[in-house]
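For reference, the structure is listed below as structure tokens.
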Amino acid sequence: MSGIWKHNIGLSIFGESHGESVGITISGLKAGLLIDEAFIQSELDRRKPGQSDLTTPRKEADKFEIISGQFEGYTTGAPLTMIIRNTNKKSSDYNHLKNRLRPGHADFTAKEKYKGFTDYRGSGHFSGRITAGLVFAGAIAKSILKEQDIKIGAQIASIHQVEDDNLPSVINENHLDALSKSFPVLNMEKETMMRKAILDAKEDKNSVGGKIRCFALNVPVGLGNPFFESVESILSGLIFSVPATKALEFGAGVRFASMYGSESNDDIYFDEGIKTRTNNNGGINGGISNGMPIDFTVTIKPTPSIGKTQESVNLLTNESVDLSVEGRHDPCIVPRVLPVIESVLAITILDLMN
Amino acid sequence: MSGIWKHNIGLSIFGESHGESVGITISGLKAGLLIDEAFIQSELDRRKPGQSDLTTPRKEADKFEIISGQFEGYTTGAPLTMIIRNTNKKSSDYNHLKNRLRPGHADFTAKEKYKGFTDYRGSGHFSGRITAGLVFAGAIAKSILKEQDIKIGAQIASIHQVEDDNLPSVINENHLDALSKSFPVLNMEKETMMRKAILDAKEDKNSVGGKIRCFALNVPVGLGNPFFESVESILSGLIFSVPATKALEFGAGVRFASMYGSESNDDIYFDEGIKTRTNNNGGINGGISNGMPIDFTVTIKPTPSIGKTQESVNLLTNESVDLSVEGRHDPCIVPRVLPVIESVLAITILDLMN
Amino acid sequence: MSGIWKHNIGLSIFGESHGESVGITISGLKAGLLIDEAFIQSELDRRKPGQSDLTTPRKEADKFEIISGQFEGYTTGAPLTMIIRNTNKKSSDYNHLKNRLRPGHADFTAKEKYKGFTDYRGSGHFSGRITAGLVFAGAIAKSILKEQDIKIGAQIASIHQVEDDNLPSVINENHLDALSKSFPVLNMEKETMMRKAILDAKEDKNSVGGKIRCFALNVPVGLGNPFFESVESILSGLIFSVPATKALEFGAGVRFASMYGSESNDDIYFDEGIKTRTNNNGGINGGISNGMPIDFTVTIKPTPSIGKTQESVNLLTNESVDLSVEGRHDPCIVPRVLPVIESVLAITILDLMN
Amino acid sequence: MSGIWKHNIGLSIFGESHGESVGITISGLKAGLLIDEAFIQSELDRRKPGQSDLTTPRKEADKFEIISGQFEGYTTGAPLTMIIRNTNKKSSDYNHLKNRLRPGHADFTAKEKYKGFTDYRGSGHFSGRITAGLVFAGAIAKSILKEQDIKIGAQIASIHQVEDDNLPSVINENHLDALSKSFPVLNMEKETMMRKAILDAKEDKNSVGGKIRCFALNVPVGLGNPFFESVESILSGLIFSVPATKALEFGAGVRFASMYGSESNDDIYFDEGIKTRTNNNGGINGGISNGMPIDFTVTIKPTPSIGKTQESVNLLTNESVDLSVEGRHDPCIVPRVLPVIESVLAITILDLMN
């Protein structure tokens, strides 16, 4: 497995859900950035488990420790390494799964590829818990971007069949402000319905998916390149690194398929710079940022761990088994994935500005 | 701009729409592959312009010439370089665009990023014409994959508002066979409607988009890794390198958002190997191929070049102008992008097997 | 700064001499390797300080802790992360150096590049102490190579003006055995003279350099590629990552310059495989291993930290100052660099076999 | 084989000695550089064969053709591709070598690795002729560096046993000027002796090696990073990509081994910036350029193709054979490699400034 991503900056993630720790090393950061530990912790807290009845009851403080790359509170330019020690491990929950294959999970592929040596407890290195490192990197990236007034936001666009009110084609700072809360939806009635959908699924030992719309404001013109280093290419590689992401749409996304060119093209005007009336292209033309908001939507699949009985196979005998996944799970992972998606966007923009 | 992609194999693309040539160098190929020039040409012909009234009238023979990396008809293991000389250049068509910004195009971003030095004729290096190199590489990859019985296919899933019949969740060789034709749709009535939608748009100086569903059969278990080298991450980086792609869905894609986990999880059974009843996950779990078909859908936006009048800006004066794009354009690029998408899938699988 | 190296396997190093810790993450290792902690520690002990009167008196246990990537004693295929906590920090030794520039050190370049934010204590991230991570990775690599009978050895070829007896052009297992000791020289008289040269320099508040000849036996034919991925290119990039290395010679090295082709060419014969009478080319032709021992020599410069007075500049005033570097230093770093050089060779071979 | 090098800029080389062509694609160049074709050709001419009685009699015009990435005489920012068609092919010279293994050549490793599919004519892709692409890239890089007053030079430091006068530790523009000639040595008597050594070897059907000292003046402080991206690491990877290079020394190089720290450290003084009295470290401390000249020496082995009889093996029967290599060879490749080494330095500096 390769936990290394190397472009202008570098990321090296490591860890297991129920191992010693999870963490990340970030390479290529500038020296002299004040490390805002409170902000970083607040970002990690958005992702951490056990925050409400919507999430897994597993409690983890997710307290980070920086073990290299800082000196007297500032980045030094050297690799910045952070670790989080795992505390609340109930590995025994997973013993009965050692030889079973959970539908929708990486159990089968991991066992095949790694010859049975993977740490199966809580999905080991395949766990979404590894994304804590990305959130740490995202917090660092957001701090650097903020110095240039680049701001990142996200909306829970839908949970199961409940859709929040549509953001307009061109997102602005008012929308960012309206979404600056722990459960970022515009319409409070929809929020209530979404929460109910999650709790109903939980009650039913089931799970639900949803969509996250994420954006960056005040992005400079000129990031990215045509073809292999398009903003979409770099960003998509990181987005699909986040477990449970199954679709990615830029701007109008799948709606482009049924549009006319005369509808989908973004008309151009001048107002203290070149702007577009709509932002169907999600702020990117020819792979390069055009100064409009970077805007994309990610589909998150329902958590595959469910208590409901499913058909599977006993790995030792190849015989059919009825499987229900016990343990502590999220009935819906969307709210906790949201800060990861924001982080990945912040990292991408920082990387392309380097 | 970086035209280089380097993973296990390497791709280096170059060229301009109305420059001397387009081409590609492929690195990391094994020695001893018989180069099937007829097959390669047939693949290039699927993408080349001027084939029917559905496409741009620009005529290009797209005859390729291999200038390094082959000896006595076989690959040598050295970099394989192919060039196609441009022949049918009507650059004068583009003179009037030198200082205008076409909505939906990279004109603005290119001019900003490259300080006015880009070759603006036919979008220069931003042209979809550069993807001919990817089709060449795809043909080579398909030949190698075929030796291991791995097969690639694709469906025009929709054009504008016309959708072809749905392929089932688990695609098989019968579907591949049914789609082995120049306009690969299952339902002939739908094909007629699609062709009409394209010609109507052309008549109206407009353009339409659509969707391509693409798949690979007989993919071995174990390709890819969790996180940064997931099959989805590697593939998406290449997919979004293809101009006009704006959304990418794996398996059930955006439909995951409104599903229950009990629906979206693919039940597991044993039949001469581990299989799943459905293939909502598109053949990938935890970033690793699971042996079911790799299955994804790409949304292609309507060609931005349209004769209809649009709002734009005169680059020299910043004043509003009415712009209509003359020249030779495709009213719908979906059929010509389809072999590029297939190629990108073949390249990705070959790369991950290396 | 980029602490990431990514080829077939990946390395991510981090840490500072007097910070919290030093460590490494290794990506791309196969699953199922038994982690031999005793062997790893013995390798780290070869590099650690404070072992004898030849080295710095700084005492560090250099006890490593694996915090991810292992499960029940085996590698899992996930990123393998190791940290060593720094214990014996006497940072006060370095306070007086904050605004001085030590000749031969990175003080000036670090201060210029990182705007004064580097951790200056013990050279911070520029310290040779960071190579502990490489020795850890080297121990893992050696364990894997050993399964295929590939063996790594090294000779202290010279210290200051004392040269050990020459190894022959074609090194074999007898030489490897003869050099399997903590101060690997062939001739015991020369060893005595080398030790004396080091202690004399120490007494004189000075330092000395030397040469290390390193080799691998039983290397398979076919590793590497011509040009950018030649064995020499990959290996040299890692060798020159090791602080204090200033020259690298393959096989006959600088002696090639004064040879005739008829002398330098290695005559070819057959004896259970293609072999060469001499190994002037160091086991590599056209960038590719030829089955003869990989054989190269590295020159290590004298430790730049010396007590002797040198000319430098006060960074605040630009005025000349007399500088003598107090603190705990190695009068000769050659014996401690030797296991790092071996490690880098093991990592390179493992990487090229992946 | 991988002909791709990708760091901040990208290089993709291709071609064979007696195939259709050789060439290169350069990615990541800025837009708007005036392409000085006369200068590029003059650089290629320095490397091309058939210039005097010192080199192979093979005549190649080495006329380059730019087939992408330029528009109206300037770089566009798109990949810049150049090809040179091979003209003077006497492939029949090589037929008798098809099943023989030339000592010192890549014949054996190539045949093993590429299963007999390599183009064996004139060493095919293993030929030094492929470096024409690097010289083209070097000419582009030199043009860009010149805008910032960064200048590259080189000395033939020795041919066989004849050494030119030593350049001082700190090289300056006077030395650069003195070496600006086709056979760059300081001492004309030594030049005469070197030429004689080459012609004597030629007469004797033998070959000789030598050393090249190469340097860059006015290099900014701060290029490179500690460890994997040190100036030495990046540069060495490219230097050892050049066929026939077998040793690389920075600054005092192998002489460091026998020096005291008090001799090898470069004393620091201030004179309109931080400078050093000597430049034993070759302009690099801690992997980062320090503003002094980048200064290194490369050892080039004698051309392995010699007419003298050598011991080899018949590949089909494994029986010993006497082999003498007929055809057109250079009795000494040093003068023709020199512009390649300069090019590689220019490329490295440009890359690290990007």
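Order as written gives the chain letters A, B, C and D; numbering starts at 1 within each chain.
The rule we apply is simple: a contact is a pair of C-beta atoms (placed from the backbone, for glycine too) under 8 Å apart; a residue touches a chain by one contact, two chains touch by 3 or more.
Fair warning: this is a prediction, and the values are worked out from it, not measured in the lab.
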*Measuring between mean CA coordinates, which chain is farthest from chain C?*
B
*asked:* I want to compare two interfaces, A-B and B-D. Which one has more contacting C-beta pairs?
replied: A-B
*Measure off the straight-line distance from the CA centroid of chain A to the CA centroid of chain D, and report it in whole Å.*
47
*Take the average of all CA coordinates in chain A, do the same for chain B, and state the distance between these two points in whole angstrom.*
27
*asked:* Taking the mean of the C-alpha atoms as each chain's centre, how many Å separate chain B from chain D?
replied: 39
*Can you tell me which residues of chain C touch two or more of the remaining chains?*
1-4, 13, 78, 113, 125, 226
*Can you list the residues on chain A that touch chain B in the complex?*
1-5, 11, 13, 101, 103-110, 112-113, 123, 125-126, 130, 158, 160-161, 201, 206-211, 221-222, 225-230, 232-234, 236-241, 243, 245-254, 256-270, 274, 276-277, 280-282, 285-290, 299-306, 308, 310-313, 318-320
*Can you list the residues on chain C that touch chain A in the complex?*
1-4, 6, 10, 12-16, 19-23, 25, 27-28, 31-32, 66-69, 71, 74-81, 83, 113-119, 124-125
